[in-house]
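In structure tokens below, several structures.
You will see two complexes here that share chain A, one where it goes with chain B and one where it goes with chain C.
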Partner chain A sequence: MHHNYIDRYSDGNTIIHSIDARVKILSAILFSIVVVGLPRYSIAPLIWFMIGPFTIFILAKIPFKFVISRIVIAAPFIVALAVCYSFIDSESRQVNFGPWQMQIRESLLICANIIIKFTLTMSALTALTATTPFSSLLCGLEKLYVPRLLILQLAILYRYIFLLIDIVGRYLRSYSARSLRYLGFKREMTIRSAMIGSILISSLDISERVNLAMMARGFDGKIHALSQEKIRGRDFLFAAIVCMYLVVLKVILW
Partner chain B sequence: MHMQNELLSMPIAIGGFVISGSWLSYICHKSKKAIYGDKLPLMGILGAFVFAAQMINFPLPLFPGTSSHLIGALLLSIVVGPNLGAIAISSVVIVQCLVFQDGGLLALGCNILNMALVPSYLGYWIYNLILHNSMSPKRLYASTIVASIVAIEAAAALVPIEVSLSGVLKVPFTSFLLTMETLHLITSVIEGLITAAVVTYILKVRPQVINTQCSRESSYSLRKVFATFAIATLIMATVLSILASEKPDALEWSYKERPDQTNFEPIVNNDSEKIRAVDNFESKIAIMPDYSSPKAKQSEAAISNGWTSLAGVLGALITMGLIWIVTTILKPNSIRNKP
Partner chain C sequence: MTKAAVKIKDFSFKYPDATAALDNINLEIAHKERVALIGPNGAGKSTLLLAIGNFLKSQDPIEIDGLLSTKKNIKKIRQKLGVLFQDPNDQLFMPRLFDDVTFGPLNMGLPKEEVILRSREALRSVGLLEKKERQPHHLSAGEKRAAAIATVLAMKPEIITMDEPDSSLDPRSQNKLIELLNQMEQTLIIATCNVNFVARVCERIVLMDDGKIIAIGNRKEILGNQELMNKHGLEVPAQAILED
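Then we have the complex of A and B:
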């Protein structure tokens, strides 16, 4: 698995990429809070909230195909729930949309509302993670007082995902090269469990080696980075624009 | 089982963050010595291991074409003890949220609680309860399967509870709960089988890895965990009550719905003139109410509302189109400017 697969677009050099991670994280959280707090029956006004993430995608040159695939991958659970909603009987409402007037059940409205809100918050999250390398995301989180222990865990986790996934890829390839047919549930399960077990053992071995290497280099629980991330003018500008955008929409639409 | 933002109200989301944050920091604090001693890379790598292990699919026997994969919370807490296992799985959930966009940013607290903390501890507790220091294969299988069923069902039950506490649930609570439980029953049995098989394999190949010492060391007193849990709940309840008293109905929509809904019964009776005035003002400036009550069927107001909402949608689309056009026009210039 290539490293690029996960944060393919995060090392660009557009203006959005250069904005401080802290500002982006807080903006994404604020955006999600505002969107989740919106009324449950409204649909049409929600589309105005799409403009924000949309602009960021355009400015950061992130292809929409990528964004859509990200949202679709995360969708199944919420879509299943929303569809469950739509089967409930509830009083119908008169919906006026341009020249069309429809009687739509309230539950269908809620269903659509949930899916749209999901798309909105997911695109905000995608806008955050697709324009910020994971390391600076962690740096930002650390500056936002997330415990350092957790940050270290996440950093190491992110470093080794690719390594271990490569190992699994090798296992699976060699397994499929040697097995010609389905061997029955019990046999298959034993084989696959053995794979998982040996990956677990090898990851424990890796962690021991890494630990020794870190100790040998005098690791004291702190990552000493050269860059002192400072909030600059453009970060303030971005934060101000996001706040203005959300406040204006909130006031005008509701 | 990853919850999205939309399923939770703000107080519940914040409550989830408070509970799982305090729980996690308690574990981190408790196992700080072990972690900074020699376990620091261990947990990160175990997290990565969970991702890698999830790539191995287990074909399900009864449903051809479908497959399941390991979740890992129980396996890790058996191998390295619930404290370290819970930290590793929590970091997995965080990375799933930030990198793979599984689960929303606001729901992260609840997701950590549901998928990392509760299954790790509950599963480990039940596993030890049934295993009772004997390592016979039958007992191992039985204890792992029961532990995984209980742990995963408990986690699956937490989802409808949190959603219904948020007031988002329109489906009857019991039917949602039953659906979740039956869906996760199959998963949990398979998870138990896989975990048991993996543990058997490790016991065969390298028994010292399943570190009895490690699990003894972290044989936390359950009482303390419950105490932390209780305190966190108390804190959450206080926070909730403060929120509730500040805003008559902390669930914002129940207030926001009022202006457009003439026969809406306010949850809290607040008959002051000022609030009325604000309501009226809001209903006046609400440009795009895209629904109206059935009574106002043919009234002109309803139709004009329809037109404004159409105009609103079109406006938003046009804005997005304009942004696109402007950037595509600007693009060649920026390329040309490059050396």
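Then we have the complex of A and C:
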């Protein structure tokens, strides 16, 4: 079955794809920290931060439709949180949009600020995951001293999420093949609850079988990895460009 | 006296709900032998493979190349015995095929150069070296099966157990698998219901039903015995395959 997986475009051969995973991870983290650390009432200056991720999308030939779909998937929780903020009663504040000046309620400014910051950090994360194969990402995390147990969990999660999606797909197809009419809310909910229960049991079965397969190949709780990647000149150059870009924006805009 | 690859004596196993899964199993398999465990569903074939793989908690020990299946010997046994599970998805749990193949050799504590060499060799032998960077969920069913075999081969075990290796494979993939198995030099223990498949791979057949061994013999003796096969819910393979 074909899935809409997060590193679908990671097999590209652009300059961005060839940058070491560690450099990309650190750049994405640094970018996110700088963005999150910006004042909570600033709106217009944040737009300048869009240039970075979007330059990467263009250089790495990542379709904008894919980027937007990633952001939209993660959006509901943050948007709900931000919208809640907008209902808080607060004073108005003068905001400059180039030559124009407007009086906007502080709560609305915070709401917009949260949504823009979220879009920026999600763009950075998407730029990272869309241009780095998941295995290289894990290798990079390992070299950055992220605990190996966490890395193994991520690796298995990434693999098994697709199997679980397959199971859910099979259940839904089987249900729709025999579901000829609406059975009423209560009955439909009972059926869906039973399906969720079966999916949970299936996932437990999978985890048990995976555990057996791991033990059969000598797994004793310790994780051994094979990482050979080395940082090259172009990686240093990329890191320097990212740092300069963030410093320049910080200095010019504030 | 040479040690048997697998030696099982008076082995019984009950599940926690007291269901008897294996009853008084006696079986000896020589090195380099290819043995098929056949029988209807629920005969105990997969459970016997789990017992051989030292995955069941039982008081009755099994000998693997002279080593008793005790906790103390488990690491040595894991190196001698490779296990191929029924669903290759269970065996391919890493994000990249190459990581999956290196998983076993790395756990064996081999040097990195040796791990890479063995893994490449294992992938080449199953024809998947060019797909080593692929994510396992992008492989076809036949490729997944071959990849799962590569994960075992990379550990260079002397004995390999396989649970229904032919399941969900189309005829072309089955033929490829048979070709691959026939090239392998290890002791093979294959559990399956597909008599046409085992007739083309294994010389010795163990017929199981209801947790017991019913008959042991060469493939013509067992697979050619229509009465015996029908009695235990199996069919006789095509004559041409038996005489091949």
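Convention: the second predicted complex is superposed on the first by the 197 of 254 C-alpha atoms of A that agree within 3 Å, B and C clash if a C-alpha of one lies under 4 Å from a C-alpha of the other, contacts with A are read in each partner's own complex, and residues count from 1 in each chain.
Note that in this section a contact is a pair of C-beta atoms (placed from the backbone, for glycine too) under 8 Å apart; a residue touches a chain by one contact, two chains touch by 3 or more.
Computed from a predicted structure; not experimentally measured.
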item	value
Partner chain in contact with A:135 - chain B first, chain C second, else both or neither	second
Partner chain in contact with A:224 - chain B first, chain C second, else both or neither	second
Per-residue touch tally on chain A - higher for chain B or for chain C	B
Which superposed partner A:214 touches (first chain B, second chain C, both, neither)	both
Touched partner set for A:206, first chain B, second chain C, both or neither	both
Contacts of A:96 with chain B and chain C, given as first, second, both or neither	first
First (chain B), second (chain C), both or neither touched by A:177	neither
Which superposed partner A:155 touches (first chain B, second chain C, both, neither)	both
Common interface positions of chain A, toward chain B and toward chain C	134, 155-156, 158-160, 163, 206, 210, 214-215, 219
Contacting residues of chain A [partner chain B, same complex]	6-7, 28-29, 32-33, 35-45, 47-48, 50-51, 54-55, 58-59, 70-71, 73-74, 77-78, 81, 84-85, 88, 90-101, 103, 107, 109-110, 114, 117-118, 121-122, 125-126, 129, 134, 137, 147, 149-150, 152-161, 163-165, 167-169, 171-172, 182, 185, 188-190, 192-201, 203-204, 206-208, 210-211, 214-215, 219, 221, 251-254
Complex contacts: residues of chain B adjacent to chain A	1-10, 13, 24-25, 28, 32, 35-36, 38-49, 51-53, 55-59, 61, 70, 75, 79, 87-88, 90-92, 94-95, 97-106, 170-171, 176, 179, 193-194, 197-202, 205-206, 209, 252-253, 256-257, 282, 285-294, 296-297, 302-303, 305-307, 309-313, 316-317, 319-320, 323-324, 327
Chain A contact footprint on chain C (complex, rising order)	50, 53, 55, 75, 78-79, 82-83, 85, 87, 89-96, 99, 102-104, 106-109, 112, 115-116, 133, 135-137, 151-152, 155
Touch list for chain A against partner chain C, complex	3, 5, 11, 133-135, 138, 155-156, 158-160, 162-163, 206, 209-210, 212-220, 222, 224-226, 228
